[in-house]
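The structure that follows is given in the form of structure tokens.
Going by the order they are written in, the chains are A, B, C and D; count residues from 1 in each one.
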């Protein structure tokens, strides 16, 4: 079973040379820490920056340079700033190769729900609906079950949707799964996690191949 | 009867303080020479410049700074450059207050034809269709009749249209006319031109008020 | 050159009335029109509709207008970080229209550029698309979204000149450019107002044609919402 | 940083084939990708479709491709100043699709930004709208226009960096920005190629994400079509 850093570490392996990547808030943000440094990658933040670098040193924060999580950031050589309409042009036009975001629920059809719980305060979808409707390549980073122990990988989402049929891959604390026509295809198990444990934690259809290797994180 | 400079001079009086103006090729270009210098006006060229100034001094031409007629130009303080999509955003979004352009024919409904003569080489509409479909305020600058002596102010255009019901005002070598529901309303006569001469040169419905003053050019 | 300078925030906001719709630039507290917001509070205009990506925090940004119950309706993509907002929304005092962020940006840009509506894939199959026309292009589904209509746009830039030309700094650009020229009157406040001719015409982000009034703002706080830093020894 | 630099024009145009559709930046001869055009002539690719606001002059710009009969179809807003063009068009050897200039720009921008189509008032009631869907919004009529699809975009900028970021000079900007990222592969040629970090990220006109290949062009002629000057004594 993985912790949040473990999930981020595994997802970092999906980031390929030459990718522009948009990272959501939470676990996805951690992915940047684990991307191999021998490949060329740029991080986009939808509030209007490409080429994000690490957080600034103390005392060097600039209120005018933040990411979509409103955190102070720095930029790397080759960075650029742009306005919101251009930023979502990049996203909608599929120039961003990979979007990594969290979810409350994912269905076996690739539907995703991550913005609204009826009856609770709704903060809004931010850029998530644009990102999931646009990206060719979406990876969901989340825990396999919610706090009540219920599966977040469902036949059908119970919460209001963020997007329809858009999720391609899911990395949880238990497994790596691909959304296929037949259901969630189990690609990898987390270290020390059994297929049975994954099956028990998955409400949606789980397709289990003959061999399910354990994840390699390094 | 006016010459081309006279037409431009009369149209210059339609240019008001605070106007952004787009000038077409030909007579409209001359209008810039006659705009009062005690009002604030900026000229837009649809290839991507606001705040056009006079032609450059000899030897100071810059191949990278031209107007939509492909002429070398200069810019004035407060000028800006922008791309074509933004430029037509200005036009379509009605931020340009006045468009002055030439025409082959204008109908009494305000239709305009200025881009194509069937059977002849067609060079294209350039930005004219965007300009006439977008501008709130379009003035046509043209001779009242064509080279064959035929009226260019018609009941209906015979040539392929550039735009429908968009022309508001016409300034010719003979008259200033407004397009109204009743037809071409004769507002002013050119110096030395009679109402009868204008009537004879106008195929479309001409509405003649009791008083038709002579144009004041100064 | 057409001069857009006004004497200050009071003249810049003349004509503002109860019941109007405003666009306000900014992302979180980054790049918000601080002076215009303060003046809206001072004027006490009521029943306003605000189109703004976020709703500020309790004691800054649009939160200041919420404190005074001046806002009737918020059109935003994300409205967290604001308890007063939550109270008013849950009590029904505040109407909220949540819009995907890219759609919000493009609805501004459409208004600026004279497009009445546009097709976007964002929100298809979700409640955002309810009651809206949807349509397939090349095998993909899109939602028809309308351009915004607003009375005033309040934007904030880094530098501006007398002709209304604007230049932004960093990610403080965000929604400000698309909102310029998207309302009947665009009011720009800048940190530094310079004479015409001081800005390189190649570097202008927003040409002055999209701005009706410009003034140099005062006393910018430029608050940071999430101050995140690393220690020098970690590098 | 994702490096976009290629060794030169030959590598930049690798993959170019007969029958492809190209976007080419420029307005008249201003801001045209001179190096890419020369290489297209050298490669001798045939039956190409060119989306370009103009078609060059007889002996420069796209006129060079017309001389070699490489162009099957031109999509432009204005094609004057070119006798060879006229001959090929009148003989039926060259297909021509005339598009309003603003529509042409927006069809590129739509392709770049992932919009399948858009409504514009340009051309309503004219032959440009024939066979196209029209629709009323707020009492005004609009024509539905589709985004372009192209294999390569060839653009020319003033400065560029290794990351593909571009800055343009004067009105040489024109159609170049909207064409970036509007084709499968965007090739940018620049007068000056600088290392990443040399350009102010605030001044970048086209972020590198929209550019796949960049190189420093050679021997720019930058011809002037209409040299218009005034004498010093007139001032």
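In this text, a contact is a pair of C-beta atoms (placed from the backbone, for glycine too) under 8 Å apart; a residue touches a chain by one contact, two chains touch by 3 or more.
Keep in mind the model is a prediction, meaning the values are calculated, not measured.
Subunit A and subunit B have CA centres that are 55 Å apart.
Centre-to-centre spacing of subunit A and subunit D amounts to 36 Å, using the average Cα coordinate of each chain. Subunit C and subunit D have Cα centroids separated by 33 Å. Mean C-alpha position of subunit B lies 28 Å from that of subunit D.
Within subunit C, contacts with two or more other chains are made by residues 109, 114-115, 120-121, 168-170, 201-202. Contact with two or more other chains is made by residues 49, 81-82, 85, 88, 91-92, 134 of subunit B. Taken together, the touching pairs give a contact graph of some other shape, not a line, ring, star or complete one.
Chain pairs recorded as touching, per the definition above, are A-C, A-D, B-C, B-D, C-D. On subunit A, the positions that touch subunit C within their shared complex are 45-49, 54-73, 81-85, 87-88, 91-92, 111, 121-130, 133-134, 160-165.
Residues 18-20, 40-42, 44, 49-51, 75-82, 85-86, 88-96, 134 of subunit B are the ones touching subunit C in the complex.
Every residue of subunit D that touches subunit C in the complex is listed here, in rising order: 114-121, 137-138, 140, 142, 167-170, 201-203. For subunit C in complex with subunit A, the touching residues are 27-31, 53, 76-80, 86, 89-90, 96, 98, 100-106, 108-109, 120-128, 158, 168-178, 205, 222-232, 235.
On the side of subunit D, the complex with subunit A involves touching residues 1-3, 109, 111-115, 161-163, 165, 181, 195-197, 201-202, 204, 207-210.
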